């Protein structure tokens, strides 16, 4: 392994360590600001609650996605990825991998991304940083990333904040939209544009739509903060100063609403329960992703990872039941389920 | 006693223990967000303040109801219920019992519900979970519950959240509205629909009205949280995740307002003083109930229970006096008594 | 002294003790929610700032009033009152005494109210509870209270909350408005209606105006809470439950605004600085009173009391200077001095 | 040195000590209430981000100004000023000095202000309190202050709050506007009107414009509080009571907005990062100043001072990048960059 490759591997280890240790990493998102309308008489049998849906043309168990985390030339990366992939298969949910840039330069990292063997029947999503299109990556490299996973789609992640916090970061984000459009025309699998914790603004979504992209993972503020994590690693002040930069996941869903149904949204960033999932779907998300909550179980075993994913599912189904929503479809964009504060109208009415 | 019956009895003991020990059980409701208009010159004699009213056609001392708590095949359940019933009689207020499902299967539990001997002259309310109509209960079982108490009405409680938190819970809430309507047509005493801590949404109230129900106990969020209590018992994550689910009692009253006067409301859940009672009545409640505040005195003695109920009455009468409301009737739905923040109008006026 | 008189004296001692010891007695009012518009170029000489005004036809140094506190048959009451009266004279501000009911029944209490000798040239205000008009007091008793002080006006305080908290309280507040009107027609000095910490509602002010009263001391919530103090003395739950009952002084000023200029307002309750004074005057008060802040210095010496009063004056003058208001008159009802949050308009404008 | 001069020197030492020690000195401004719109696809190369601009006709590196701090007849004042001046030169940003009143009376203080030698190519700003125009200062004294620095402009600071807190303060702020207008007509360098921590109200700005002034340093509330600092020195209650008086820097920018472009604004007071800088510029500031954050490094060395200034620049450039703003000019008054809370519109839309 080259010195540069060793450095990248070390960086990834540091990230995982920082996320596990940072007591603030489970920071409060603003999902709890949205409240839902309880039904005491749901007129439903809980056993009939159905959370199944489709993603990328395949049937899945519920609209949950294992967000991009890791992969690379170290044993624990491969182990984490295997546990995640086996759990994805067992739970019948899609899984995305961490950035595959490393494996393009370092073939020994490839093994950690060969996950189709563990997850033969669920959607897998490859992952490369979009900025790499300005640093030597083109169709060939991207296709290799997809092929290694036998992926059903590829995440191009957009992480300008993370890159400028890193001393060794790639800083040239110029003219990426055109390159993404070109790539889109050549790749056979769909591209999903994705932030990594600061959200996608309406202008970003518009650029994506213009480039022919249909899927967007908002990956908003409220969960893992890369700015904060990079600061841990480098004692870098800039990272701490900017740790709360960006659009929260709920804000982002509301800002993205006008782009429906032309654009399809995955919500991630700070999703910590099936209640959060239900709220994201009500606000317009088709799929909901989580990363940090799965890291501790995935470091341990497939069984623990499955248990965590099943907990999200149990919670989502409980909420569907309490909202009297038998079929998942009836949750999507159903703003009648949002409890509007009667305090406002009481105060208004008397003026 | 069968093993199943022993398990149910143990569960009820655990609930009581959890409610007594949980430091969070006296959580803040949002009653304090409503403020009332003080009168310095009430032009009243405090001695003439009158809080008497009618409930179920009977005269009672003030609009307070001992909410459903317990009953079953254990000595302390019978003792608590006797203390409550004696205090109800002494204070001339109505009393409801906890779920009587247990006594249908286990005759030894019946004694704890035979309270007419202790409370000959006040309304008593029987109690069965509505979901039992999907699990073998019909007119006969319900009538037995009523008869045992010589009850003046029966609560059918709706507790979908509590049931799905319980591993052994009854999960089929389908087609209950029709069965409630049938029951209504056969029973001689009125049915009161009641939640147990998450509130009744407008859709629920509408279903109830369509089934011919006139009385509703909102039993909202803000006091005892069954989701939280079940979590105590079972280390169940789902219960903690959902512990704050539902409509608060004050919100619920505001949402229910449009159904007046066709529907009549009992407000419970987080009522902790006569001030809260006055606010609930101003917001539209005809009766106000409390459970958890009465548990400690009822475990101790009839005298302590009476003292607690008299404290609610003293506080309600103090508030009536300070609002210059001699007769209770003038409190009901009297929104002129609500203090609208002059801050808003000051800020608005200057734009 | 009769047993009853001794009890009253002891009660007053207990009150003073409670106010001195209660760490919560300096509770936050909401004066700080009002913000004023700073002037960097006031175009004034601070030495020329003029806070003088008139009260009850007499010139005073600034619109500050020593609110009613004490008096009675004990040495320390007389001492406190002498210190207050000497400081009033030295600072040229008016002073009110505590309730004089005690001296009507107990001549030995009179001496503590004979304050004209210490304060020959400032307005003095007598004080009796209006409710006493239902308990044997009439023109004669009230006139005796006025005469003892050689008072320029008399406070009739309205304290329904305080009376019902006291076990020995006087509870009949019926038909007081008519009796106040009668009294008004016979007395030669003006009557000022006053609460004692819960504020006067618009209905109360209207009743007062109808009875021919022109002056009102709002005495709102935010400072001394009699409900809380009585609770201290009696371990009475009702007092604690109601300790935050009432209209805050600032709210009360805004609610009272429509009655200007027919009614004239004294603001008291939680006034703790000359900044609070300025805000009260801007919101419509003609005079501003404080009690609790003067108790510790008045227990010590005239000099300390003077220092405290001069601090209020220095602060008021600083604020006048920073608002570019040379003459006090230009402060009164000058709502242009209130800083309207530009945050609101910024957010509104972009909607 | 005269006794009076020694006293002034001691006062300045005390100020510096108080600012260094006061744990509250880094109090929260309200910059964080403004949120900006993140761009995930900025379509820019971070290396091309350009923060250069002009100030007083000269090119500077970025819109940062070292705010007025010190100078006087003591070695450490001269050292601090030399470090600041050398850093200003190295970073190519303008610098202002503290009040030069002392050097008019005390020639030995002059050396600390002779900074042109250390900062030959950046704008330097002289500084005198405007109130001195009422205490013997005229054209000659002001010109001497300018000449000593070879300044490009002069701050006339307006500090009515600070002066009245100081026992020895100058209290006559009458008719200053006319004297400022006269001075303006005679001086060859521009006058900048500046508060010292309480902001400039619209009326103040209007008076300044009428006097022919174009530049205003708002110096608002949220950072260094002179009222608080003087209180430290003198145990003066007035200072603590008024420590939060004034307009916050962000509020002040919004209130000043209608005066653009006739007036030009420098924002200072509580600016603690390049994020704050960007927000101030978006709200209408042309330049942004900071004082307290530079005091500790300036007491130590030129190198540490440079590092601190470069940190502000790095942060401002990061924010420009994340907002997709290549050139600084596109930041100024660009309210499209402000994130309007989508919460409001969601709640509104459903009413």
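Read from first to last, the chains carry the letters A, B, C and D; within each, the first residue is number 1.
In this text, a contact is a pair of C-beta atoms (placed from the backbone, for glycine too) under 8 Å apart; a residue touches a chain by one contact, two chains touch by 3 or more.
Quick caveat, the model's predicted, so the values are computed rather than measured.
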**Report entry** Interface residue identity across copies chain A, chain D - same or different by half
**Finding:** different
Query raised in the report: How many degrees of rotation bring the Cα atoms of chain A onto the matching Cα atoms of chain B, given to the nearest 5?
Result: 90
Query - Interchain centroid distance [CA atoms averaged], chain B/chain C, Å - result: 44
Query raised in the report: In chain A, which residues are in touch with two or more of the other chains?
Result: 341, 345
Requested in this report: Treating touching as the only link between chains, describe the layout with one word: line, ring, star, complete or other.
Outcome: ring
Requested in this report: Could you please specify the touching residues of chain D with respect to chain A in the complex?
Outcome: 36-48, 273-275, 311, 314-315, 318, 321-322, 324, 339, 341-343, 345-347, 350-351
Query - chain C to chain B touching residues, read off their complex - result: 33, 130, 158-161, 163-164, 171-177, 193, 195, 198-201, 203-204, 207-208, 237-238, 241-242, 245-247, 251, 254-255, 335, 338, 340-341, 344-345
